[in-house]
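I have a structure I would like to understand better, so I am pasting it below and will then ask my questions one at a time.
In this document, chain identifiers A, B and C correspond to the written order of the chains, with residue numbering beginning at 1 in each.
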Amino acid sequence: MKNSLLSRFAPRETKFFPMFKQLAQFSASAAALLAESLACKTEDEWSAYYKRIKDIERQGDKMANDIIHELSKTFLTPFDREDIHSLTSSLDDVTDRINSSAKRVAIYAPKSVSDSGRELASLIKQAADCICRAMDELENFGNRHKQLLDICTELHDIENKADDVYEMFIHQLFKEESDCIELVKIKEIMHELERTTDAAEHVGKVVRSLIVKYA
Amino acid sequence: MKNSLLSRFAPRETKFFPMFKQLAQFSASAAALLAESLACKTEDEWSAYYKRIKDIERQGDKMANDIIHELSKTFLTPFDREDIHSLTSSLDDVTDRINSSAKRVAIYAPKSVSDSGRELASLIKQAADCICRAMDELENFGNRHKQLLDICTELHDIENKADDVYEMFIHQLFKEESDCIELVKIKEIMHELERTTDAAEHVGKVVRSLIVKYA
Amino acid sequence: MKNSLLSRFAPRETKFFPMFKQLAQFSASAAALLAESLACKTEDEWSAYYKRIKDIERQGDKMANDIIHELSKTFLTPFDREDIHSLTSSLDDVTDRINSSAKRVAIYAPKSVSDSGRELASLIKQAADCICRAMDELENFGNRHKQLLDICTELHDIENKADDVYEMFIHQLFKEESDCIELVKIKEIMHELERTTDAAEHVGKVVRSLIVKYA
């Protein structure tokens, strides 16, 4: 549903922007903890990090609900309702995937998370930081198209890099790992890390569609 | 899209409520069969239960389509269209996940489904019964907020319990099971059971958002 | 949101139809390559096919974005906006799943993809061809209900066949395969192939709901 011509000139509710920033901040905090966690080597450390990440994930969940609640009470929204929905759920997804990655590390407790695992975690952290920058720019949307598009491209490039790391690693893993149980653990962890970068890129796609629509 | 002021006072189509109840009833029947199935120990029994659950899942699918069809012909709906969509698909998802859990038991045919597997099935049954009660209350929505919110909390608590059962069990499984093929079977079955409780909690989230929006 | 009475008699934008056809065409091309790929036996061949399929998947992605972009600029659409959204994303999903299947074959590099794997790939090809025919009929929607419904039934039947092939094969695999790593590879590949036929059937469900709504 396009905003009507009239409503384009009426004052719009701006309280959504700090909420988007907060959601992005949650994913960045969770991503930083995930990267720290993958530098650790013991089950106890992994469990402790998972608990902290899970806490953040719940706060993110609550904030996403608050946004939807706010949306139902607000008449003039800065973007169309379904766009606020998409942005909210795409931001929330990133934190969900980070949580799910940390959970897998904690409950599978692999012998090692591998350098490629740490590389993916570092790419996830970069992507979450990009998303924070994007949410900072979003409030001044009107004259920040170029900056926002650059961030979307960055998210796309990060996802491509993550894809390459993942594919190369899994290919090797299935050739070289002879311990099937370790292989299953690592495959599941790496898969979730890779899906996290997909989720981050998806935020970029939503932002890009906002630019196209409202530019 | 919020219902317009005018339409808030016009008579609304009520035929959706029995359809929601019916969808919930399908998930409860499927959940009861799943719990029975996990008390069995032979492939033949598992296959027979899977067939019965699959039948129910197809009826649920048909009913969900009927609701969407009804929606397209109805002018004054009891909730906004996208809310009816969300509720319908969240209810349908529960039965889908139960079906998918039963399918995994039938086609993987593990040596044992474990006490934790049976515990998850029993939590799924509890959750499906909660959902039935919620759909009973929904028709008198206006003065049943408290009861509905209590049920949402119950669904949330069940999901938390299921999460703990799942995480503890998988952690042990990956430590103790040395037969990799059995490990893969059990992990996949347990994962789907756990996702079923997520799907049930999701219905609770949709109901909670209805309360917030229309209260 | 139903199209208003007025808009039902106004000329509608028709440029969406060639775009739907193009999306369907992408899935058919990718499906043909996937079937060829599964007739191969070496890693190098699988990698080469995966690269070609990935290229198509990206073109599909771009086209899906173009449709959403077009949608945001178009006032009188041939179907309601959310229906164009659903159709676009369901068509895009098919190509995504084909890509993901090809990726699994390339990175897991199993000893053999099995006759059942080739059977699923052939069913996927049939389904993608059905979808192309459906998109051809869609433009003359008004007097092609019968033909469209027949195609939907065909997609449903293909999915059922694929389900049977998948279930029977996995059941046998878990009984007979003693090499756990090969088992994991094959299970993951077969699962993705089966989900691809689900995605194709989902297009049929979207088309069926269009018929019900606009008939």
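Convention: a residue touches a chain if its C-beta (ideal position, glycine included) is under 8 Å from a C-beta of that chain, and two chains touch if they have at least 3 such contacts.
Treat the numbers as computed from the prediction; the structure is a model and nothing was measured.
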| item | value |
| --- | --- |
| Fitted rotation between chain B and its twin chain C in degrees, CA, nearest 5 | 120 |
| Interface composition of copies chain A and chain C: same or different, split at half | different |
| Whole-Å gap separating chain A and chain C, where each centre is the average of the chain's CA atoms | 27 |
| Of all residues in chain B, the ones touching two or more other chains | 1, 180, 184 |
| Contact footprint of chain A on chain B as seen in their complex | 1-2, 167, 170-171, 174-175, 177-178, 180, 183-184, 187, 205, 208-209, 212-213 |
| Chain B - residues contacting chain C, complex | 1, 65, 68-69, 72, 81, 103, 106-109, 180-181, 184-185 |
